[in-house]
Amino acid sequence: MKVGIIGASGYTGSELLRILANHPEAEVIAASSRRYEGQKIWKVHRFLKGFYDLEFCSPELSNFGDCDLVFTAVPHGEAMKYVPQLLDSGIKVVDISADYRLDKETYERVYGKKHEGYVEAVYGLTELHREEIKKANLVANPGCYPTGTILAASPLAKLELIERVVFDCKSGITGAGESPSAFTHYPNLHESIVPYKITEHRHYYEMVQELGRFQSDIKISFTPQVYPGSRGILTNAHVFLRGELTREELYRIYEEFYEDSFFVRIQESVSLSQVRGSNFCDISIHPGEDRVVVVSAIDNLVKGASGQAVQNMNLMMGFDETLGLRTPPLFP
Amino acid sequence: MKVGIIGASGYTGSELLRILANHPEAEVIAASSRRYEGQKIWKVHRFLKGFYDLEFCSPELSNFGDCDLVFTAVPHGEAMKYVPQLLDSGIKVVDISADYRLDKETYERVYGKKHEGYVEAVYGLTELHREEIKKANLVANPGCYPTGTILAASPLAKLELIERVVFDCKSGITGAGESPSAFTHYPNLHESIVPYKITEHRHYYEMVQELGRFQSDIKISFTPQVYPGSRGILTNAHVFLRGELTREELYRIYEEFYEDSFFVRIQESVSLSQVRGSNFCDISIHPGEDRVVVVSAIDNLVKGASGQAVQNMNLMMGFDETLGLRTPPLFP
Amino acid sequence: MKVGIIGASGYTGSELLRILANHPEAEVIAASSRRYEGQKIWKVHRFLKGFYDLEFCSPELSNFGDCDLVFTAVPHGEAMKYVPQLLDSGIKVVDISADYRLDKETYERVYGKKHEGYVEAVYGLTELHREEIKKANLVANPGCYPTGTILAASPLAKLELIERVVFDCKSGITGAGESPSAFTHYPNLHESIVPYKITEHRHYYEMVQELGRFQSDIKISFTPQVYPGSRGILTNAHVFLRGELTREELYRIYEEFYEDSFFVRIQESVSLSQVRGSNFCDISIHPGEDRVVVVSAIDNLVKGASGQAVQNMNLMMGFDETLGLRTPPLFP
Amino acid sequence: MKVGIIGASGYTGSELLRILANHPEAEVIAASSRRYEGQKIWKVHRFLKGFYDLEFCSPELSNFGDCDLVFTAVPHGEAMKYVPQLLDSGIKVVDISADYRLDKETYERVYGKKHEGYVEAVYGLTELHREEIKKANLVANPGCYPTGTILAASPLAKLELIERVVFDCKSGITGAGESPSAFTHYPNLHESIVPYKITEHRHYYEMVQELGRFQSDIKISFTPQVYPGSRGILTNAHVFLRGELTREELYRIYEEFYEDSFFVRIQESVSLSQVRGSNFCDISIHPGEDRVVVVSAIDNLVKGASGQAVQNMNLMMGFDETLGLRTPPLFP
């Protein structure tokens, strides 16, 4: 199959290139970057020397006409300029931006802008929407934080057991993108944990939408922060339950919920080092007297972005969802 | 005044030596270490070359007879072997271990051992118990996590406004002590956040004790973790309030509560880099629709241990509590 | 083909398991660990959950009888206990320890012990000894530092152009192994560069042996150090040349020397992030008025150990040397 | 005494503020910042809350008229706009920029610009030029790399024993200043060592100038790089000697050379953690068969910049050079 990437110079774009370099069925035939148009991909992403001879192109539709599927890896507000055209041309799309994750009204309220070119998409948290994704032409790839949090809470939400959940999440700094800023300046992060948008991060609404499908009265709180590392999101889900469950019951609920999901591993303990560079979401469950803490770990650029995008592509194209993604994590 | 340190080879011990090297009134005349007995302090703590000519002694009482005050910086269960004798000899004590922080019954339950030599102590969270500390002969220096959490929640607990609080805390790895272990092995921590004792850390009981003094029906949850750094504890206190307060009201409550406390700084945002190497606890307050998040930052070895111990010493000896401690943080 | 690993619980062992999980021709049928004998591999190496169902076995020969090739990933002095038996049984061996890298006399002098069971091996720096490796039954996999330094200097040494070379190398801390020690204790490394065995590291003799093959009068100096990271070796080769070469001439020499070597990439600048997780050695060349600095970057666990071991296995078994190893680095 | 700082918003400026906050004799009465003019210092440098009530002023001379001494902490090319005026007004100056470190001709060649307002200054490597500094009105504070390298090599250069020296230096990223850039973007540095200006850094000329005073025929090579940390410079000086010296002789030479220098400590081994936050330069000496490696460690912002500037101020004002600087390092 032939694949295109609109927006291939940022981290999610280069991560798609990295992952697809090893995919046995997909070939990247077009990758756009306004900034680097006309330059060889490997001269910009030097780590890819030896893997691509392609040059960056412009994002014009004509460059992507031969693609079976295109990934849009551009900022929110930008993707909506490309997606409708691509769909009209019969090209399937996985959008990695936020543009199609929420219903139109919520999107416009949360992101503070009119949505031009709204189409309904399937929310691409693969483990929750596998069957719809197989039939979809447009998949809205989830945010990185929603991936880690929703996977951590879904098994209990589905049983409507959650009174309240507090998500305290720590992300690697690649989550902030590849543009330098005061926020990503090394001395401002070294040996620090930096909370930001402490009660107001927009990913919150994806959690409300998806966990609300299971349990409408769930109370959700969410705080993101960055930690001094490049990749990874560790989520502590502090869950206040209705009723009591033993450790064994909890583990059984999670094992069953994810029994057909290769990329969710229920572990006794989790660590970012145990998932880095892979598409896995590792989960461990820790019941206490006051609450249950569910800990999940993902690589924000893989399961939290480009890896899950390829997982969705696989389903949309009729492949096994793990194709090209069965790579062990890079430990340690 | 003459000061002794029992247990001066670990991190809290060397931190006392570091801080006291600049104290205008205190002179360290005895510092014990079983392991390094007879060796020059600076040959073990090479960063202190030029500051101490003293040798490590044994922890026998006779070596500490001339001291006005002794810090016990030994593991819990060990301090109780020295403290009663020291008090009997008329020597004031600041105990940095956990041995005197809880009432006897709670201690024995939580730490799983009989308490030999129990005496009542003042809990040394200086900002809460200043007047009692001035009169005390024995001060139980708080744990590092309780320092950060209790300071973050006290102003609201005092007004009995807290329905529930979830403390999610991240500590530098010096909190694990200076003995190598799998937990502190560099590759096991690099670029990771590692939760541990997720629902069962013993510091929890100090939080219950101290916040319970203000508000008996408070519901507290606590999860500790280490982050890849040497020093610092960042606490996210997710507070579910009774009633609503504006940002201005919240800031006013905190400013007033700490108006006489040099070492608690109410800031618009906090960062571990802004307190590292100092005795400050920086606090910022972030009200959201679902809850208020109070963020506090301390250096775990200073305000979380040896700095607060010196702050307590100052009060016990009649000095200004900031004496020898008015050092700006080492930013960045 | 069937593969065995003697010593599969340490970092080089787990790295072999990681790499071989994706190898299209090799299947690991036996992996030994005295410490974890009888336990499932994935319960010890949790990052491998989903990839291996095998249990660790003992290192007895009988467990490896069906193997076509065995990797010995044990400490030096240990490998010599297994290698001769394996060879006698007709099993090919790649030894990752230091036991077969030097001639017997040099080994005994440098490592200070008698060599029991000496056999001649091919030194497994693949790019230098490709043809001999194809025919070898025993390959001595190079040390991590020698890999980075010898690849950096060989093109100039081959032309006998080097008056003197000073190798200043920085290694990630996995190079110290997976056993905790004061050296690997997080707070002893954080934000530090720690030189060790500053003029006396044993890897020096591999450099003398291999570069001496090209140019017998070469003067070599070498200093290793660790930097605060998990994986990677960055080498600065400060080369004092006989005669002058322009930047273009230098680049041409390197491009030609490595033109058939997929895993050596000549770049304009190099970075550990550009090779991490891959079998690449990236090299850049920087001529100045006083000397030429050649910078090389490898992942110490891949090209510096287990990746190169698999590269050698490929040649010994008649496969393309890149089989199972054409994976892009994990950037950033 | 009354002190001013021109350029107080960058790292060397804020470090001066940090250090001077504890100086018993110096009071900062004016601190300029074009960007933050009119704002309270502590609102910009939040770590200084509680220490300064002053507002940033403009760099006009009139704001500094009451100062006894002014630090110019602005980029090179900028300092020369202020220094002559300040001197004319009878104000002593410590210039932290590069503008007065080299003779006029060398400066213009190396920095590629005309020097307006050249005056002769004393090169402020305190341990080498103590007596001249006491009498100076203008001291040119050394660069960070020159401080670490020249202190490492001077005792041997003074005896004219050095055939060749190769300085391989690793700096914390604060050396790049507080402006965000691709170079300082966290993911570009994480777990990496990044050499830059590999054979052409301008600090080289300070080394040539100062070591050349001792030994005119010395051959010097220098390569700088950044390591993933905030503060510190570790220097490996690979010294090729004329003649042989035992370890004891070497240590004696260094001990004697620095016997009156409180801030240079001759140690058995050195570590950035053992000097961080302090004005110390720790040095250890490692003779091998091929060469001697001298390792030095400094905090680049203290001994490598603002601490040494205050040390120079102390001498210029007739104080003990250690006044306000006898602070132990912040270990670990």
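Per-chain residue numbering starts at 1, and chain names A, B, C and D are given in the order in which the chains are listed.
We take it that a contact is a pair of C-beta atoms (placed from the backbone, for glycine too) under 8 Å apart; a residue touches a chain by one contact, two chains touch by 3 or more.
Here the structure is a predicted model, which is why all the values come from computation and not from measurement.
Peer 1: By CA centroid distance, what chain is farthest from subunit D?
Peer 2: That would be chain A.
Peer 1: If you tally the C-beta contacts, which comes out ahead, A-B or A-C?
Peer 2: A-B
Peer 1: For subunit A versus subunit C, what separation do you get between their C-alpha means, in angstrom?
Peer 2: Each chain's C-alpha centroid was found; their separation is 35 Å.
Peer 1: Round to the nearest whole Å and give the separation of the Cα centres of subunit B and subunit C.
Peer 2: Subunit B and subunit C have C-alpha centres separated by 46 Å.
Peer 1: CA centre of subunit A versus CA centre of subunit B: separation in Å?
Peer 2: One centre to the other, that is 39 Å.
Peer 1: At least two partner chains per residue is the criterion; list those residues in subunit A.
Peer 2: Within subunit A, residues 11, 174, 187, 190-191, 228-231, 271, 273, 276, 332 contact more than one other chain.
Peer 1: Please name which positions on subunit A make contact with subunit D in the complex.
Peer 2: Spelled out, the residues of subunit A in touch with subunit D are 11, 173-174, 178-182, 184-187, 189-191, 228-230.
Peer 1: State the interface residues of subunit B toward subunit D in the complex, per the touch definition above.
Peer 2: Those in contact with subunit D are residues 11, 14, 17-18, 21-22, 45-51, 174, 190-191, 230-231, 262, 265, 267-269, 271, 273-278, 280, 282, 326-332.
Peer 1: So in the complex, which bits of subunit C are touching subunit D?
Peer 2: Interface residues on the subunit C side: 166, 168, 170, 172, 187-188, 190-195, 198-200, 219-221, 223, 225, 227-232, 234, 236, 238, 271-273, 276, 286-293, 295, 332.
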